[in-house]
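Here the chain labels run A, B, C, D, E and F in written order, and each chain numbers its own residues starting at 1.
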Amino acid sequence: MDVPVTRELASDLVWPPGGVTRVPFRVFSDPAIYAEEQRRLFRGPIWNFLCLEIELPNPGDWRLATVGDVPVVVTRDEHGTIHAMVNRCAHKGALVCLQERGNAKALTCVYHSWSYDLAGRLQSVAFRHGIRGKGGMPEDFDAAQHRLEPLRIEVFSGVVFGTFSDATVPVEDYLGATMARMIRRNLGRPHRLLGMHSQIIHNNWKLYAENVRDSYHATLLHTFYTTFKVNRLDMDGGMLLSDDGRHSISYARRGTLQQSDEYQKVHSAQYDSALAAPQLLDTWTEFDDGITHCIQTIFPTLVVQLTLNSLAVRFFTPRGIDRTELFWIYLGYQDDTEQQTRQRLMQSNLTGAAGLVSLEDGCINEFVQRGTRGSENRNAFLEMGGREVASSDGSRATETGIRGFWQGYRELMGV
Amino acid sequence: MDVPVTRELASDLVWPPGGVTRVPFRVFSDPAIYAEEQRRLFRGPIWNFLCLEIELPNPGDWRLATVGDVPVVVTRDEHGTIHAMVNRCAHKGALVCLQERGNAKALTCVYHSWSYDLAGRLQSVAFRHGIRGKGGMPEDFDAAQHRLEPLRIEVFSGVVFGTFSDATVPVEDYLGATMARMIRRNLGRPHRLLGMHSQIIHNNWKLYAENVRDSYHATLLHTFYTTFKVNRLDMDGGMLLSDDGRHSISYARRGTLQQSDEYQKVHSAQYDSALAAPQLLDTWTEFDDGITHCIQTIFPTLVVQLTLNSLAVRFFTPRGIDRTELFWIYLGYQDDTEQQTRQRLMQSNLTGAAGLVSLEDGCINEFVQRGTRGSENRNAFLEMGGREVASSDGSRATETGIRGFWQGYRELMGV
Amino acid sequence: MDVPVTRELASDLVWPPGGVTRVPFRVFSDPAIYAEEQRRLFRGPIWNFLCLEIELPNPGDWRLATVGDVPVVVTRDEHGTIHAMVNRCAHKGALVCLQERGNAKALTCVYHSWSYDLAGRLQSVAFRHGIRGKGGMPEDFDAAQHRLEPLRIEVFSGVVFGTFSDATVPVEDYLGATMARMIRRNLGRPHRLLGMHSQIIHNNWKLYAENVRDSYHATLLHTFYTTFKVNRLDMDGGMLLSDDGRHSISYARRGTLQQSDEYQKVHSAQYDSALAAPQLLDTWTEFDDGITHCIQTIFPTLVVQLTLNSLAVRFFTPRGIDRTELFWIYLGYQDDTEQQTRQRLMQSNLTGAAGLVSLEDGCINEFVQRGTRGSENRNAFLEMGGREVASSDGSRATETGIRGFWQGYRELMGV
Amino acid sequence: MTVREAIEELCADYAEAIDDGQLERWPGLFTADGEYQIITRESHDAGLPIGILYCDSRAMMEDRVRALRTANIYEPHAYRHLLGRPRFAPDGDGLAVRSNFCVFRIAQDGDTVTFATGRYMDRIVSDGGALRFRSRRVIIDSRRVDILLVLPL
Amino acid sequence: MTVREAIEELCADYAEAIDDGQLERWPGLFTADGEYQIITRESHDAGLPIGILYCDSRAMMEDRVRALRTANIYEPHAYRHLLGRPRFAPDGDGLAVRSNFCVFRIAQDGDTVTFATGRYMDRIVSDGGALRFRSRRVIIDSRRVDILLVLPL
Amino acid sequence: MTVREAIEELCADYAEAIDDGQLERWPGLFTADGEYQIITRESHDAGLPIGILYCDSRAMMEDRVRALRTANIYEPHAYRHLLGRPRFAPDGDGLAVRSNFCVFRIAQDGDTVTFATGRYMDRIVSDGGALRFRSRRVIIDSRRVDILLVLPL
């Protein structure tokens, strides 16, 4: 699908009264807005998730990534330094790297064999001087003027972030203290890849960005949680937001359940069945802060989760205005015992495309995409937990995380 | 497929000289016009077919429908009253009802369990008061301000119609006397569902709207008609139009065939084969007006037919600018004998996706969609039967019904 | 896919400094530009390839073709004259001819049986005078005002060309002397069809138009060439351009290889394997000019090739902004021996969708389409072989042919 | 040839006749009083009598073939059948047979779509030495048909 | 019934149970200690332990079925399996069996997609007179799942 | 093993070699003088000699495999074959065999398309104790190929 850059129609988007408590459904279906997001948001002053450092263990390793619509390649050079650049040849724009992962001394475009070093600098141009003096590049050709368009990168707790903008502040400032601390808690120790897959969901990417910040829906939509008491809003827990409201942490302490009456009204709490195979939920305590369930979102499209003992990174990226690809990357720690790895395997049943407490998110956002069709000039209503963008310690019956997302979105998009 | 609401380009559509005798091909392929139709036509002062009353026999029954791009749900409440509303949650816009058909005491959105009564009024909001006093909705939250967007509905001869506009006149006035009479004739008696299926046709919805009003094509394209003398223009018959020209009835009396020379020129009359299994066309007289073939169109997207003894309702709805879904709903009367039901079964072979005299309509409109590609600024020529919009008693060699459709379309679209 | 004709956005396309040495990537993905090309280029003063004359051996033969998005039918009338017209009925715009190929005395539209002679003139209108005096066309209906929209055609060396514009110069002038001579060399003798198939490539049509004019890539991307020394830039060869730069001939003399050092740097020359079945490359000399490899492009979408003994015509046509269909038509001469036909069969393995030296072109242009996504405001860099548009005798390490294409494109598009 | 092989031959021959465009061979694979119906899974499950196409005899199938050869108008296209393993059980004087199918439709421009998936519910009997369909009920999984249905499934 | 026929019957019965929505029958086609895993070809080839779905026992499969019947929320849909020919070899006390598959997913609006292609890698044993899966490893060719996966493949 | 089983084994092994990427095994399934051609149904019916790919010997197939391993450039992808039931008849010193096929193509990003449908027209002979293809003619239903064709069908 092509998104023309020529339509400046987003400028005619007027945000409704009510600020971040309202969202015009049109933002999920207007191609002009989608195109504008590519320029202002994904190429703007934000940090985009590119990959995990463990995916590039050796010098010469490279891996494909995507920033909005832009194809990107991340490399580790011979000195061990990580680089990222647009996977678009400086000559005529062909993809330079074709495989998801690879290892090479240099990056050579297959079309005309222009070759780049692992930092994206142009090293050689085939037939630059022609053949036997005929043809070739003009005398004044300056290789230094031609390179793979670079992204600035930063590695934080093993996560490789990239940005197109010089204005982006350092990752630690971008995250803020609270967010940085939680990422270090979950990813700070040496980890390793246990599995990965992806999902195509049929909705605009921002609906999933809302969904993962929506602590209100978790126990209502994902009834498995409630029924089997994995996670309920009447456990001690809350929503922590970064100061700018863009990032969030939804957490709970399983040990602290005191059943509250509110649940008697909730369909998903109406029955209570026991598992025939309870080993699914065998857990051990990994951290002494008592937090057993924690889902952290990093603006705009990254999620880090540790649910029971299921450690995973989620990343989602637009694949058109009403398609999004959602990647699930399952991790363990390098010092995990076999038994611990097995328990992570068992609990991986909770999340992912077939996750007992996540599969609903594969369709729910599509339901919004389809439900709002023909109602592009109506708005969503986001006043649960008030109208502010602020942490909500003690309660997750709030949409503060979603309001925080839109606050950041509007700042970047200038709407 | 998404249709942005932001493109007001339809305004640059200038109708060619010649009025309703010309149609600019561009109206079948311009996304801006498609978007404009959603607002001005489908949400305008017209009656849209929603479903049949027999599909909602019991209190609590509901059924999905569609009005242009807008998803709709039709319900029968505990008092037996029928309601229709947009299937879009007042909270964040998710589809509230997910199954084609169902029965429930209330409509509960799966995303955050907001619950509505069968009239679409918001009944409860999960965690409205938060949990143990934390979170929840602001004090001033007023449930009365949030409901499923309602449509006005009217039931006429067992057909459930819905409209978004307050300006729409009552169905009987909308139809006019002639159309109302024929609907009563065919659907006024208690009927029952015998079968249903749908077709995806690859053309703009308006090409099918023309096609069903096109009494000129019937015996030329559908040569089975002619060959086996099911219906020919040289039978006594005609085209009746409502006063506003939007609705039409094409009818014929099989008993009155006098072969006319004109047919000798028509390919489709060149051969004459007999059926090896003539039981296909065994019929009995259901009405004493002698009309054996009658196809009635109700603006914009409804068709009621009684061809021989095949009683059916057709409904078509846009699925994108060049896709349309066409539904075939086969009916009988509740007092039909087994033998009569069997004859309706036999004659169902004449219509539908595999209909001996209708299957061509599955592709012919696509042929126009493709034939006009790259000729968006050329026009169709519609002068058969004159240039007027008026009933044509005695002859169906006319495009008056199509001109009538465009007259209504232009009024509503303001072009 | 629909391309609205209403978006005049192409007008906001500003060509970057550097003239034909730069190409804004946006031209490959902007629907507004695509729509503009339909009008200004494909309906403009150019000759479009329609088909080969041998595909219409007999009076009454017809064949479908396509000019940009416009469906076309080419016919041979009873006098043997070839005609071409838009395959769009003058009545309501349906496709008139439905099969790829056929033979008929007249062209009759299936929708309402309007009938045209083989030149596209309207012959009869079903029920023109109604039935028994009722219905029918108005008295003043003038059949002469209604015909299939004609294209001017010219047959040159057995190739049928068509144009919508009165301003298009005769084919021989359009080609220029050099191009005309080479077409005569390769297609001037009686030829016959040996096979055909097509490919769907997922890129804008202009990327393939560049690709076939790109003598620079041939031996770098298609490493089979190099490895097995079928064709290398260090053979005597060159790029010949027509005076207007739009058409080109890339040629080589296999007999004249002098290995040059430049190849030592080229990956594709790093290994040298022998064929287990060398019969693939058994050739005989067909022409005494020593040219063993010659690929000729005719603006905008035609290619004529004689590689070794593989004689073929290629034609590509847009199927949407990021889809192109590429047709391979394999030919022989009517006086070929069986042995010669067999060698053409063996060498057909070199080209086509599975061609050992052409299959890369099936994906390389898609790599550019995808590589430039999200970079619509960046440019391609085309300075290989200088900045001029001129023949490059003696060297094919040049992009002069591509620059020539863009020179023609810009003239026609007015950008 | 085992019963299984005979059934598989009949099913394969049925598919081949249609895929090769030898539609005149199609009615002959049924008994003279053979029934053929195409119906959606939705209507089948609801027990509705009317599906998409119904023939109550070989003669009616022959009319279908004659109509599509001479009267009906549509763009040329072909099918390609892929069949699942038949499962069968004795049923009165014949066999009750069930098998899955997928039919691809190939348009003249090469466009290929998954046109229909579903299952065949058959009654197969021995008729003059050969196995024939006394009834073949084609239950398609989808409620809808793409464009039109003119060739038997 | 030959070993081949018995294996083909088991595989066909497995597909039929799922395609007909008789999911309660699905766990019974495994031994009590039966294993079931769905994993992408990419992860399988990389030897990664975590796939998309894993059950280490019939009981866990029963929990899955109960969850999708009572707890999980998704739009109604059905599958249609087409199976390739099983190839097998003796393996300890059972058989190592491999077969290709394609699963189509039919949405309630009729939309039909090729939901998954891949191969089954099975260990089949005789268990109380019947053949059952001791383990079925579903290796899907694609790295991604469309929408969600709730019905077993 | 019956003749039918031997044929089905050969056809299944052929598909498995390609689907598993063991392309070096592919030429060995043909006799040394084995012929292989991929051609569109349109060209086949028109009796045209040139299709899409032609090998007149096992050696030429080996060249193909070497070329696609070392010389040709394309994005990584895999196939998944589903095969119909072979129908066969004696033919000279061998067997004339025909079967339907569908080949799905899975791209590295998981995108899965119905790449080709059609039928195999084979001549199978016994060659050194094993059945081998003396010729396999792959007649694809579509006139067109998506992107490119580099792996054998």
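Criterion: a residue touches a chain if its C-beta (ideal position, glycine included) is under 8 Å from a C-beta of that chain, and two chains touch if they have at least 3 such contacts.
Not measured: the values here are computed from a predicted model.
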item	value
Co-neighbours of subunit E and subunit A - touch as defined	B, F
Of all other chains, the one whose Cα centre sits farthest from subunit B	F
Intercentroid distance (Cα basis), subunit D paired with subunit C, Å	42
Computed distance of Cα centres, subunit F from subunit B, in Å	49
Centre-to-centre distance between subunit F and subunit C (centres being mean Cα positions), rounded to whole Å	31
Subunit E and subunit F: spacing of chain centres that average the CA atoms, whole Å	28
Numbers and ranges of subunit B residues touching at least 2 other chains	98, 110, 198, 221, 268, 360, 364
Residue list for subunit F, restricted to those that touch at least two other chains	73, 75, 82, 102, 108, 110, 114, 143-144
Contacting chain pairs - touch in the sense defined above	A-B, A-C, A-E, A-F, B-C, B-D, B-E, C-D, C-F, D-E, D-F, E-F
Interfacial residue positions of subunit A with respect to subunit C in the complex	2-7, 38, 42-43, 67-71, 86-96, 98, 108, 110-113, 124, 126-127, 129-132, 134-138, 141, 146, 149
Of subunit A, residues touching subunit E in the complex	193-202, 221, 223-224, 227, 268, 271, 273, 275-277, 279-280, 325, 330, 341, 344-346, 348-349, 352-354, 356, 359-360, 362-364, 366
Contact set on subunit A toward subunit F in their complex	98-100, 110, 198
Touching residues (chain side subunit F, partner subunit D) in the complex	4, 41, 82, 84-85, 87, 100, 102, 114, 117-119, 141-144
Subunit C-facing residues of subunit B, complex	9, 12-13, 25-26, 29-32, 210, 216-217, 220-221, 233-234, 260, 262, 265-268, 321-322, 360, 364, 367-368, 370-378, 380-387, 392, 394-398
